[in-house]
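Report on one structure; see the data block that follows.
By letter and in written order, the chains are A, B and C; residue numbering begins at 1 in each of them.
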Amino acid sequence: MKRTVQEIADVVGGTVIGDGSRLVSAPAPFEDAGEDQIVFAGDASYLKRLSETGAGTVLVPEDPGSRDKSFIVVANPKVSFIQVMEIFSPSKAVTHKVSPHACIGDNVTFGGPAEIGPGVVVGDGVTLGAGCRLSPGVVVGDGVSLGDDVTLQANVTIGHGCVIGNRVIVNAGSVIGSDGYGFAPEGSTYRKIPHTGIVQIDDDVEIGALNAIDRATNGRTWIRRGVKTDNLVHVAHNVEVGEDTLLVAQVGIAGSSKVGNHVILAGKAGISGHLTIGDNTIVGPAAGVVKSVGDNEVVSGTPAMPHKLWLRLMSLMPKLPELKRTVTQLEKRVDRLESDK
Amino acid sequence: MKRTVQEIADVVGGTVIGDGSRLVSAPAPFEDAGEDQIVFAGDASYLKRLSETGAGTVLVPEDPGSRDKSFIVVANPKVSFIQVMEIFSPSKAVTHKVSPHACIGDNVTFGGPAEIGPGVVVGDGVTLGAGCRLSPGVVVGDGVSLGDDVTLQANVTIGHGCVIGNRVIVNAGSVIGSDGYGFAPEGSTYRKIPHTGIVQIDDDVEIGALNAIDRATNGRTWIRRGVKTDNLVHVAHNVEVGEDTLLVAQVGIAGSSKVGNHVILAGKAGISGHLTIGDNTIVGPAAGVVKSVGDNEVVSGTPAMPHKLWLRLMSLMPKLPELKRTVTQLEKRVDRLESDK
Amino acid sequence: MKRTVQEIADVVGGTVIGDGSRLVSAPAPFEDAGEDQIVFAGDASYLKRLSETGAGTVLVPEDPGSRDKSFIVVANPKVSFIQVMEIFSPSKAVTHKVSPHACIGDNVTFGGPAEIGPGVVVGDGVTLGAGCRLSPGVVVGDGVSLGDDVTLQANVTIGHGCVIGNRVIVNAGSVIGSDGYGFAPEGSTYRKIPHTGIVQIDDDVEIGALNAIDRATNGRTWIRRGVKTDNLVHVAHNVEVGEDTLLVAQVGIAGSSKVGNHVILAGKAGISGHLTIGDNTIVGPAAGVVKSVGDNEVVSGTPAMPHKLWLRLMSLMPKLPELKRTVTQLEKRVDRLESDK
């Protein structure tokens, strides 16, 4: 299914420069494209490297001057490129197709068509919105509520009672609603604290693969609207993650911490328990946050500190051996000065 | 199902102060409770903040003086609170309910009633104690032995031959008994070392969600009585974890290391291979242990060092730029002194 | 099934010293063996400790002098020990045994005998080579291609369209082909970037338990021949991992980075996005690589630096308090010298 450059320009609302009748067969990565493919040049640095792509068609933010390819000028090439990808791999409409090899519990309510794969187990009293897709091996506990257009990839587990919003995507193998890590010391052993709370995930959240998001002791662990998590992320009991916040791969958030809106926790960052991370704050890769952080901050390192201070320390660290030598020499020089007095 | 304050006090063995006839509907978090709910004030700091909870009933370690709520005085409010949670969400007795959608192998022995969900696969020659619960999607390999009252949550995998004790809980998605990471160099490639050992998990262990605990090369990887692990923990082949030890989220322990009893490995800590960690030792969050550690120590940082030294270093680090400036100035001053001589 | 020392020597091509008729019942760990077991002494340090093993038979690289056990002299005792393990636990030949409780899609092609466990779901248009083993709970998406002798352990997920080579082993719970972490900002929210690429895994790769390897945005995420990954490893979209490279437990590699051949990323190491790691390079445990690294380097620390510099810094760090004191004293001494002038 090929499209002309002009047809693509019409969908993304762009202006063609060059040959609008050129046929495009697929979107491709910038460095790796052939003449019948389309790529995007998101900013000035890519515009300078147009000769490095073999693509015949490029989405650009402005007229690049050159005329050896077809160009489509758009306001935001990256977002337009997503639209182009959707042209070439349109998502199929959900049909009501429940596999005979799925096990559906009692009193399950369907809000509309749903696709339920073989080996799926849906507990009693579950509510599914319209347009849900449950891939093979998914387990949905009793009393779970799924909104409209929820996608649960293969082998995902949703624990009993959890509440999932609309258009939520959970990638394969993730566990939502495991018991939190709560034990009370009793002599030298530990007694399990029952976890009667839930996980609530609001609209438009995407959870990566193999995430573990624990249910609250009481109340809820709360992943708010628009949060996107990467793979292997840990979210402990009673945590709250604010709207449109990004949790990059292998992040861990300990119990009861509250992360604000539009926060970025970079890969492998860790947040101790009972802290608050303010809105729009960025926590650097592998940083270890042990004190609450305000709004609009950038912190790095372990224990986390202002990013600028951390950069300064990191530039000084390799100079430590020299500093040590200088101090040793200074001691000798001062020794001499003192003995010369 | 509401209970009076007096009924609850009778169960936990406490003394009522105030209205014993008040009706309680549920336990709740301290900050988030309503008048018909019960919370606990575990220590003095909570006792000072009694006005901050909306709860009508509070478990307290001593008479708080105030009379505007109902109080139940108990020795250990946190443990009593667990009992209260168990009153309101009693665990159901296990009935012998094996789903027709489970696959049970040959020569499987049941020690008593067991609940086996749809989609569960139990291999040949497996032994199950009385009171086991296997949630949907659980896979139990050939020859596995499960003790009494074992709970395996959804999509857990137990590899062939592993031995699981009594009252063990494994949270969803965890893998017990994967092959260890062992390869012998053969020229420039690697040859897999067969793993013929097992994982042995003793009584009263709880494993978090999405843990990976590898089988031994020979012999056993051994998780001893009372160990509690959090989510996304890695335990390599031939590791031994001592009794009542806590492995917090995203901890990793490399091959053949032995961790003592009552140890705490805080979140994201890593232990290199072939080390010994003594009893009652605490390893700080994200610490990287590269040498063995004795009993009763507290270590932090990477590479791990005594916690007090680490604290001192961490307080000095932000002063490095100033130290560098001071040394540069000293050099100039000593230059002047020398030239003035 | 016991074997004589001579029979074992014949299989591994070694020379017997001592009693060749001694019966051996199993391989065992060095520290933990009985008289009817066999162990290996891989190098000089083990040869010195021969009296510490209870084993009656030892694979050795040279005549150890002592005569109180049976010895088999071989070039590479570790590799010969693997052969011995294979003697005592031979892998069973794959028979064509497809469980009636598996769900096989339309147009699935078998290249030879395959073992497919209960609860396995194989999508439409999947190709399986000869000798594949799919354990219970495995989910293979539409259009996946598996080579010969592929082993997928329990609850593994392979996403649609992924291409898996010959003799690949994927340990339990791993996810191959989840969507990459790609979102384009649209105002204050994020729009999902469709991921139309695949994961390609070449021959002789072993993937640990609970790995998450994301599909490419376009094109492929590429795990090349002979790569071995440990547990809980994260590989982002469009990453390339070179031949015979080792990714130890809890490693994370961010998007589009290229890791060379024969590289070792030690446990918990992290690689930022869009970097290149050269051939034969070693990245230390928990190191955080933020700049590309050339061939044949050894780097450690966060941010990663040459290993020797890092060792020097780590030895200096504990001396920081002393350095600080020395500088303070120097200041006082220089004060005095200046005032004495």
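The definition used in the following text is that a residue touches a chain if its C-beta (ideal position, glycine included) is under 8 Å from a C-beta of that chain, and two chains touch if they have at least 3 such contacts.
Everything numeric here is computed off the predicted structure, so don't read it as measured data.
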item: Rotational angle, Cα trace of chain A fitted to chain B, multiple of 5°; value: 120
item: Numbering shared by both copies at the chain C-chain A contact, with half separating same from different; value: different
item: Whole-Å gap separating chain A and chain C, where each centre is the average of the chain's CA atoms; value: 26
item: Multi-chain contact sites of chain B, meaning residues that touch two or more partners; value: 119, 137, 155, 173, 210, 232, 250, 268, 286, 317, 323, 327, 330, 334, 337
item: List of chain B residues in touch with chain C within their complex; value: 103, 119, 121, 137, 139, 141, 155, 157, 159, 173-175, 178-179, 181, 183-184, 186, 188-194, 196, 210, 212, 214, 216-219, 232, 234, 236, 238, 250, 252, 254, 268, 270, 272, 286, 288, 290, 302-303, 305, 309, 312-313, 316-317, 319, 323, 326-327, 330, 333-334, 337, 340
item: Complex contacts: residues of chain A adjacent to chain C; value: 26-29, 32, 76, 78-79, 81-82, 85-86, 88-89, 99, 101, 117-119, 135-137, 153-155, 169, 171-173, 204, 206, 208-210, 226, 228, 230-232, 244, 246, 248-250, 262, 267-268, 285-286, 314, 317-318, 320-321, 323-324, 327, 330-331, 334, 337-338, 341
